[in-house]
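Labels for the chains are A, B, C and D, by order of writing; each one numbers its residues from 1.
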Amino acid sequence: MKRIGVMLVGILGHLSSVVLTGALLLKKGIFPPTGMVTARHEFNGLDLADPKDLVFGGWDIRSGDPAEKAREFLVDTLLVNAGDHAAIQDELKAVGEYVYPGTHMNCGRAITALADGPHRQPHVPAYEILETLRANIRDFLSRSGADGVVVVNLGSTEPVLTLSAEHHLTPDAVLRCVTDDRQEFLRAGTLYSLASILENCAYINFTASNSALIPGIVKLAEDKRAPVMGNDGKTGETLVKSALSSMFPSRNLEVLSWEGFNILGNMDGKVLDDPDNKESKINSKDAVLPHILGYSPHSTVHIDYVPSLGDQKTAWDFIHFKGFLGTRMSLQFIWQGFDSMLAAPLVLDLIRLAEFARRKGEYGLMPHLASFFKAPLGVEEHRLHEQFRLLSDYVSSRAGGE
Amino acid sequence: MKRIGVMLVGILGHLSSVVLTGALLLKKGIFPPTGMVTARHEFNGLDLADPKDLVFGGWDIRSGDPAEKAREFLVDTLLVNAGDHAAIQDELKAVGEYVYPGTHMNCGRAITALADGPHRQPHVPAYEILETLRANIRDFLSRSGADGVVVVNLGSTEPVLTLSAEHHLTPDAVLRCVTDDRQEFLRAGTLYSLASILENCAYINFTASNSALIPGIVKLAEDKRAPVMGNDGKTGETLVKSALSSMFPSRNLEVLSWEGFNILGNMDGKVLDDPDNKESKINSKDAVLPHILGYSPHSTVHIDYVPSLGDQKTAWDFIHFKGFLGTRMSLQFIWQGFDSMLAAPLVLDLIRLAEFARRKGEYGLMPHLASFFKAPLGVEEHRLHEQFRLLSDYVSSRAGGE
Amino acid sequence: MKRIGVMLVGILGHLSSVVLTGALLLKKGIFPPTGMVTARHEFNGLDLADPKDLVFGGWDIRSGDPAEKAREFLVDTLLVNAGDHAAIQDELKAVGEYVYPGTHMNCGRAITALADGPHRQPHVPAYEILETLRANIRDFLSRSGADGVVVVNLGSTEPVLTLSAEHHLTPDAVLRCVTDDRQEFLRAGTLYSLASILENCAYINFTASNSALIPGIVKLAEDKRAPVMGNDGKTGETLVKSALSSMFPSRNLEVLSWEGFNILGNMDGKVLDDPDNKESKINSKDAVLPHILGYSPHSTVHIDYVPSLGDQKTAWDFIHFKGFLGTRMSLQFIWQGFDSMLAAPLVLDLIRLAEFARRKGEYGLMPHLASFFKAPLGVEEHRLHEQFRLLSDYVSSRAGGE
Amino acid sequence: MKRIGVMLVGILGHLSSVVLTGALLLKKGIFPPTGMVTARHEFNGLDLADPKDLVFGGWDIRSGDPAEKAREFLVDTLLVNAGDHAAIQDELKAVGEYVYPGTHMNCGRAITALADGPHRQPHVPAYEILETLRANIRDFLSRSGADGVVVVNLGSTEPVLTLSAEHHLTPDAVLRCVTDDRQEFLRAGTLYSLASILENCAYINFTASNSALIPGIVKLAEDKRAPVMGNDGKTGETLVKSALSSMFPSRNLEVLSWEGFNILGNMDGKVLDDPDNKESKINSKDAVLPHILGYSPHSTVHIDYVPSLGDQKTAWDFIHFKGFLGTRMSLQFIWQGFDSMLAAPLVLDLIRLAEFARRKGEYGLMPHLASFFKAPLGVEEHRLHEQFRLLSDYVSSRAGGE
C-alpha cells in the first residue's frame, strides 16, 4: 500500500480535527465526500491519491491528543455523533505518535498565549528551530513509512510581516535572516515553509499569514522543485463575494458600498480578535472587489469574536448599488456555515492536488488552485467562475497527458 | 438623422414609463446609462443605434398619456425629481401621438380587468385584431418616419397557453387558428408577435407570457428573416440565482432546498396575484436550478402582491445546503430593487441589439441574448457568467467582422 | 411520592419526544430548565408540581415506542447526544406501557395518512371512541397510580371545524352529536377534550385545531369544574410579532404591510402543507395584528413545508411602515428556532399551571395563560408584555393566598 | 396668537432640517403627524402647544440658510418633493433670521472640522461664550415675540466628558469651571445647557453627548425650576432592542450574544466615525441589555460610516440564545429607517411636552419621557412598554388634573 505523508501545522486545532476525522470517516465509508471539489466526476481522469492512503502527522504549540480534540470540537458540539467518533478513535489516537512540538516564534501575543506550559518557547535561535522542524519531517517520514510529505499550514493567522527588499526577496536573503537569527524579519510561518521546501515537501499555506510564501521562499521552491500555494483558504463570505460580485459590472450596475460583518467563535475568531492578527485576514479579503469591479467602492470588512457561535461563522454583507436614473438598491446576504466543515474538504483537495503536482514533477506556485484561496499568489483573477476554469483547464490538460 | 422605431406593448405601464423617461433623460444628458449593458466599453466596437435616435410608439389597453403616467409612476413616488420630468415633458407628450388601442384577447380576468372603458374589447375576430395591429405598425412607420421597428412586449404576464402539436408547431397551424378565429388557442401575445413578424419587425418578448414565441412563430420568424428573442426579462431574484447557484456544485456542496419569496406592489404584482397568471411567471423562474445544479432540490418560488411596496421588489431566498460530514448550513439573500428601474435599461439594450441584428441580416432566435432572460429560448445554459460569455463572443465576432 | 398523571395526544410525535426527554433529563439534573417560564424565580411562591413527579402516558395513531422516537428525533438529528439519551432510555421505554391507540376521526386526509396499519380506523361510532378514550384515562390512572391527569393535545393541526349554533354552543348539543354519531360536526380533538373533561382532567389545547375548546365544551368544563385552555402554543414568529408590534402604534408609525413567511420540515410542517389544515394555523396567527394595531394592515402568513429543515423553523417577516412626511421604512426579522425545543418547556409549564389550578379548585378557561397561546381563548389582549402581566398578577394573587 | 420659542443646537443640520420642514408642512396640512407620539388620541386631554405656534431659531457652527439645507437634505435626496418644499420656502428662509453662530468648544477634531471659516472659533473664554449664548436667547425672545423657549440640542455627538466629583457634581463647581475658563472640564454641550437653564428655558438633550446634563447641571435646573431631559434620542436599533429584549427573560431563554451592526451615511455617521465620538454613542446604547436581562451577554455595538446611505440607517442585529436542552437558536433583525425622519417627530413631541411641563411649573428631570431616550436620565427602566406606561401614567394624571 502506498503511504502519502501529510503534516499539519496546528494539528490539535479545530480545523485539523475535522480534517483528520473527515479523512478517517471517509475511509470507513461512513460519509460521502460532500464538499470535496476533487470528488467531482470531472476529476476522475486524474490519478489523484486515494484519501485512504494518507498518513497524518504535524505540529502544535498546545498539548493534547487528536482523539480528545475531535471529541471536544465535534462530539461535544453535536456536529458528529458519538458512535461515529468511536469508530475511528483508535486511528485518531495513533496520529498522536506523530505530533511534534510546534513553534510560535515572533507570532504576537494572541498566538503565544495559546501555547501551553511545555510548548511556551523561551528564546531559541531561528536556525535551531528550522533544524528541529526539518528533523521532525525526516523522523515522520522514516517512522511512518510515507513516500513523501505535503505540509499544510492550518495555524492561526499571524500578524502581518512587513516585507523588505533586503530581507525577503531572495532565498539567500531569507536564509541569512535565519542564520543570523534575525527573528524580527521572520515568523513561525516562514520557518515551516522553509523546512518543508528544504526537505522537498509540497507546501500549502491555508492561513492568512503572509510570512510563509514571501518572494524569496517562492523562488526557493522553484529552485528546489517543490510545489507551493496560498494564501488563506476561501470558505465563506469571500467565496460568496467572488461568486456574486461580477454580476454588478456585467450589468453595468455601480457598487457604491460593500460592507461585510463576520462573527465567529472558534480559536480562529479569538486570535483574530487581536487587531494585529486581524489585519492579515482583512488584507486577504480586501483584494477581491477592486479586482472584480475595476474600482474600489466603500468597503469595510469586520471580523468579530462571538464565543457562543463556536465554529459557526455568520456573515452579513450589505451591498448598496446604483442603477438606472441613479436609483439606489441593495442586496444583502447572510451566510451561516461551519467554518471548519467548509475548510476541511478543501484541505483534503489541496493535499491531493499538491501531491499530484509533486509526483508529476511540477513546482513553484500552482495558479490552477486559485479558487481555493482568498488571496491566490500569482493570480490576478478573483472571479470564482474564472478561477474554476483555471482548475478545469488544468484537469483537462493533465488528464489528456495520461 | 436616422430614426429607429420602437413599439412597446403596454406603453402606458410602469416599465414603459421608465423606458421612455430614461431614454429621454439619457438624450438630454441628465443621467448616465448606468444599468445598460450595451453602454459598457466592450460594446464600443459595434455600431449600435444611438439611444437618441429612437422614436417610440406602442399599444395599451388603458387610457392615458405617457407624460402623466411618468409623473404618476416616477415623480409622485419620488424616484425622479419634478425638475427632470419637466425637462422632458414635451417629448413624453409627443409619444402620445403614437399610442394605439391594444388587445387583451383571451388574456384572462386579471388583465381584462385592467382595460378601461373604451379599451374593453367585445368579441372581435382574431384576424381583424391582427390586421389592426399590422395597420398600426404601418401607420407608425409612415407617420414617425422611422426606418424599421423593434416591437417589445412589456405587457402583463398572461396565463399559460397550453401548446399542442396541432395548433402551435408550424406557421401555418398558428395562422390557421387566426383565420378560423380559434381564440382559445391564441392570446394577445400571439397576435402581437405575429403582427410584428409579418411586418418585418424585430420582436422581443420581455414578459413571461409563453404565447408569443411558440414554435410555429419562431419558424415564421426564420422564414420572414425577423430576429426574435424571449422570454421574461431577468432582473432580480432569478438574476442573483443564476449568478450564485453554480458556486454550490463547483464546491461539491449539495443544495437541499432553495426557497424564494418575492413581494412586490406594482401592476405586475397585481396581475401575478391571479393564480393563472402567476403560473407563467413561476414556470419561467423554475428552469434555472435544475439546469445549473444537475438535480432538482426542494424549491418553491412565491410571488405575492404587497401594494405598499409599489415598484420596490423585495425577495428573500433561503438556501439550505449540506457539506462535509453531512453538516447543514445556509445562505440567505435579500434583494431590494426597483423592478422597472432594473428592467428598463435592459429593454433599451435589447432594442439596440435587436435592431443591430436586423440591420446585419440576422434572424430567428438570438441565443447571445440569453443573459437578459429568465427562460431564454433555445438556450440550455443558465449560469449567468456563461450567458455573458455568449454575449461577449457575439460582440467579438461582430466587431471583428467590421 | 406524589404522582401527577399527564396524557399527551400524539405521544409518539416530535414535540412529545422532546417533552418526555426533557422532563427526564431535568429529573436527572443533566440540563437546567432553560426555556421554562415556571422555572423563573417569580414562580417560587407557588407550590407547583415538581417535574420529577410527572408520570406520562398518551395516545397516538402511529406505532412505535417513545425511546426509539426520541432517538430518531433527537439523537439522529444531533440535538441531544447519545450519552444523555442512554441515561434515560429505560424510563422512556417505560412510558410505552401507557401508550393507547388514538383516533383520527374526521381529521382530513393529511392526518389520516399518518395512521399506520393497526391504527387506521374503519368507521367506529363517535360514542364508542369517546368511551374508549375515557376508559384509557381510567386505566392509566389505575395502573400508573397517578392522583389525577392533565391532558395536553399535541396532535397535528386538524382542518377548521365550522361551528354552528345548533351543534356546538351547549354541552348538550355537542354530546348529542356524539350520541347520534354525527361525525361531520366533530373531530378527534372534540372527543379528546370531551373525554378529558368528563373524566375530570385538566385539558390544554396546544394545537391550532379549533374543534376541542368550542363553546359547548368550555361550558361543560365549567359545569364539571375542569380547568381548560388553548389554542395553539405560541413559540416562534407569532411570539416575536406579539412582542414587537405594539412598538409601532406606540410611536404612531403606520404599519402598511406585515408579511410573514414560515418554512419548517417536521411532521407539523407536513400536515400544514395540506391547505385544509393550514387554514386552522393561519387563523390562529391572524388575530394578533388587528388587535394590537387597531387596524388591519396588508398581511399574509405563509407556512411552507421544507423537509430538509426538520424541526428547525425559519421565519422571515417583512414589515413595511410609514413614518414622518410619508417616508417608508422597513423592519425585517429572521427567526431560526427549533420548533419542538421552543414548545416543550411551555408544555411542561402548562402542565404545572393546569395541575395547580385543578388542585386549587379553579375551572373553566384560564386567561392568565394567554401568553402561551397564539389565539388565547377568552382573551382579547395580544401584546406579549400585557399577557405576561396577566400571568404575574395571577402568580401574585395565588402566592399571596398561601 | 401664542408664540412658543424653540431654539435648536445644530439648526443647519440634517435633523433640524426635517424638524423645520416637518413642522411647516404640518402647519400647511400637507402631511399628517405620522410618527409623532403626542398626536395620538391619548394625548387629547392635555393642552399641548399647537405645532402651528412654534417659532424656530438656533445655533450652528456652519454657514448656510435653512431653506437651502432643506433642499439639499430632503429634495435632492428625493425624500420630499420639490413642490412641497416650494410651499414652505419663505417660512424656512425666515427662520434664517434667528440663526446664531454656535460653539464647538472642546468638541474634538471631528466636530471642529465641520465648522466653516467664520465659525471656526479661536480660543474664546468659556464665560464669554456662555454670555453670548445667553444673549442670543434673549435676543431671540425679544425679536421673535416668543413667550418662552425650549432649547433642544441636536448637535453632533461629542467625545465623552470624564466626570469628576470636584468639577461636575454641584452647580457651583460647574459654574466655577466656566468662570475660571477650565475648558478641559467642559464642552460645548455644557455651555448650551447652562445658558438655557440660566435663561429659564426648558432643555432637551437629544444627542448622545454626556456633557450637558451632568449632575451639577441637573441640580441647577431644579434650583432654577427648569425642566430638562436626555440623553440620546431613541430612534432605531435601540428602540427595537428595548421593545424586543424582554421577550427572552420572560420566556426564560438565555441570551448568549447580541451583536449589533449599524451603518449610516449622514453627518451623524461621519462624526461617529471618529472613535472618540463613537464612544459616547456606544455608551448610550450599551445600557439597555444588562438592565432588561439582568445579566450582560456578549454584546458589541458597531457604528460605521457608509456615505452612500445618506440618512438611511441600516442595522443588523444578531441575537444568539439558548433554550431547552441547551439548544442554540437565533433571531436576527434588519432595520432600515431614515434616521432624521424617525427622530424629527420625536423632537416635536419633546418640545410640546417640555413646554407643557414648564408651563405647569414642573422642573428638574422628566422621567416620564424615558421612552424617547436611549439613556434616560434618572430612569432605570429600559423596557419600552414600561417606559410607555410611565408616559401614559403622566398623561392620565395631568389630564385628570384639568
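Assume a residue touches a chain if its C-beta (ideal position, glycine included) is under 8 Å from a C-beta of that chain, and two chains touch if they have at least 3 such contacts.
This structure is a prediction, so every number in the text was calculated from the model and none was measured.
Listed by label, the chains touching chain A and chain D alike are B, C.
Of the two interfaces, A-C and B-C, the higher number of touching C-beta pairs belongs to B-C. Spacing of chain A relative to chain B, judged by their CA centroids, is 46 angstrom.
Put simply, the C-alpha centre of chain B and that of chain C have 49 angstrom between them. Among the residues of chain A, those in touch with two or more other chains are 79, 322, 332, 334. Chain D makes touch with chain B in their complex at residues 75-76, 78-79, 81-83, 334. Per the touch definition, chain B reaches chain A in the complex via residues 18, 21-22, 25, 31, 33-37, 39-40, 79-80, 239-240, 243-244, 246-247, 249-254, 322-327, 329-338, 341-342, 344-345, 371, 383-386, 388. Across the complex, chain C meets chain B through its residues 256-257, 259, 261, 263, 298, 300, 302, 304, 306-309, 314, 316, 318, 320, 322, 328, 332, 334.
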